[in-house]
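What follows are several structures.
The following pair of complexes shares a single chain, chain A, combined with chain B in the former and chain C in the latter.
Up next is the complex of A and B:
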């Protein structure tokens, strides 16, 4: 059973890594075939939630992931509407995860894709991510929990996928409602049909296999289980092979696409993402999948990430590829890590009572 | 059949799983929750010894027994 799961995860990882390389060749920014943080941020910009002109686009990959996972969960009877497990705390944690991701410049999935492209700053990020997951595991082992989720109505569970469909139909029917970048990363994108198809495939596969960038490292720390890490490793291997084959592999710290070589802040950014992901029960990609499967708790985490992305750009907290982290970003990130630690400590104390 | 003795417990938190495993002792082992089971937390405990309800607590969600290819609920809070 376990080896079959590993096989499916390896296939999902290869699919995701290969799709990412293809999307980059078709127009997505470098090492950004997929990036849940960047794409939620671009979508937030397109929806007028922030005003940074270079990062505005309704990314069809996000739409595809949500709808692919939703369709698969309904077909395979995994659609289980639930909620009520500290939704506001999940919003706050999602918000901080996004700040960490935008200081580093990528979610855990993009971190792996950056590694596959030879960006060594992602290695610093991986160290921080692993340290954050390790800290989260200490809290989990000490009693941390965000509380029990209760069964919700089918309508509650279907509301988020329905909202996604409405946004995409409006995007196709009345594009003038949305903002589109004319320059910068937001202007760089694969053809919408290819992005949507890639998102659907990854959403379907990730729903079936429970692919999670944080879960693999967490399971090694907590239960010495190497199943979920297979997906992580396969994405890296596929993107590395794809980048080598297409001549997109460039080893080094500098001159990397949408990346900066400020090591401390790359480490701390991904530390926040790792710790927050363990507290939420999964990385940003997994939160999208869980939201599509009917978890309104994960919907709150996703909304927190969208709000975090909007704040990161409205208040200049996001790093710039050339200049690195901003003063505001550094302050927000350190404050965010302190808030995460405080929430984790208080919920651990409560969990042991 | 040997596999018929396998039982699996699911939990509301990882801490609950850890404590249950400690109380069960023997061959009880922490594992990821199987795909076919729904659970609040991703950690389960698999064991083959007799299920003793006094070893559960408020963090224990359910206990299943392997019945050929599927899991059958034998206890639920």
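Up next is the complex of A and C:
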């Protein structure tokens, strides 16, 4: 029997996968209807946090996801300002998750969308992601914790959504403040209103269902629960169907949009994302939703991801679509995985005491 | 019946704490949760491993009574 939760997650997944295909048709880069990592990176560029001219745009999808989830959480009494569960460690983990995502070229959500577009490099990424989640589950079941969060004031919880609104108002009113790509992926985008609407819908649905790309695989490993994986599967099915219908499905390892066929680095990039996501309690999309629901800890993770994106482009750590990973990117990723493992080990040791 | 307070912990930690506590308290226990995700995940896990779950609002969260 399909439970109500699974039904809602399946609907959310279909909505997300279909919206992604539509956004791509309307102008977003290939297999990039949504990508939390890429869109935070583009937003970081627009905010002058890095200066790579090809990846600068205030992505309205991100704004929509945050504001949709915020509005929904307030209406349905899920808005719970809290914080204090190792914020700096969460910043560091978010930073490393972003490095991993930009070596692979996409967050877990885009990995699923790439699979739906026939990009087999995403399959290598999925193997790494699953291995990273498996490693994270070993730590979790051995006692890993980032500690207990405390209740915070309503103002603390509302600060991040408010900041998002200010950025969006400035984007509409004084666009000259921001940088916008004239070529490259940053210049490719659906009309802002369509992007915002798609983001709002996904934010609302993901808040209600707790859609999470890492949570599905994690729950199977930890408690043999197949609820969250339903959303993951539905996004894949909807994007596959959408890409087949619109002629955008191309099976293979090479010639894929914003992708590279360096298998080891695709695997390791998503390994870091999987491990880091389990340590944070959710994938980059889920961190955005939790941040919108008032979690200061997830805001720190999101800020870590934004800082990681800026560093990835300022120091040439992000992979290039055709050339693959950079030397700096390889070093930073391996160092990042070691740091994740060290944090996980030390916090597991502390959690057992 | 022992009480397990998971307030302040984010998912999946409340579920893992419940899983471990059930190992030592096979007859059941009370779990305090302070967010909807934890409430639903703990209840779903307990039901999946064969327990009855009663949920009542308490303070800033919920009290789940898990019993055979």
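In this section, the second predicted complex is superposed on the first by the 351 of 353 C-alpha atoms of A that agree within 3 Å, B and C clash if a C-alpha of one lies under 4 Å from a C-alpha of the other, contacts with A are read in each partner's own complex, and residues count from 1 in each chain.
Heads up, the rule we're going with is that contacts are C-beta pairs under 8 Å (C-beta built on N, C-alpha and C of every residue); 3 or more make two chains touch, one makes a residue touch a chain.
Computed from a predicted structure; not experimentally measured.
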Looking at A:148 after the superposition, I want to know if it touches chain B, chain C, both of them or none. Which is it: first, second, both, neither? both
With the two complexes superposed on chain A, say which partner A:182 touches: chain B (first), chain C (second), both, or neither. neither
Examine A:222 and indicate which partner it touches, taking first as chain B and second as chain C; both and neither are also allowed. both
Just checking: does A:210 make contact with chain B only, chain C only, both, or neither of them? Give me first, second, both or neither. both
Applying the touch criterion given at the start, work out whether A:5 contacts chain B, chain C, both or neither, answering first, second, both or neither. both
Touching chain B in one complex and chain C in the other: list those residues of chain A. 5, 80, 85, 140-141, 145, 148-149, 210, 215, 219, 222-223, 225, 227, 281
Going by the contact rule at the top, pick out the chain A residues touching chain C in the complex. 5, 78, 80, 82, 85, 140-141, 145, 148-151, 210, 215, 218-219, 222-225, 227, 281, 290, 295, 297
Quick check: in the complex, which residue numbers of chain B touch chain A? 12-15, 18, 30-32, 34-35, 38, 40-43
Taking the touch rule as given, give the residues of chain C at its contact with chain A in the complex, in rising order. 7-13, 15-16, 19, 34-37, 40, 44-45, 48, 60
Under the stated contact criterion, what part of chain A meets chain B in this complex? 1, 5, 80, 85, 140-145, 148-149, 210, 215, 219, 222-223, 225, 227-228, 281, 351-352
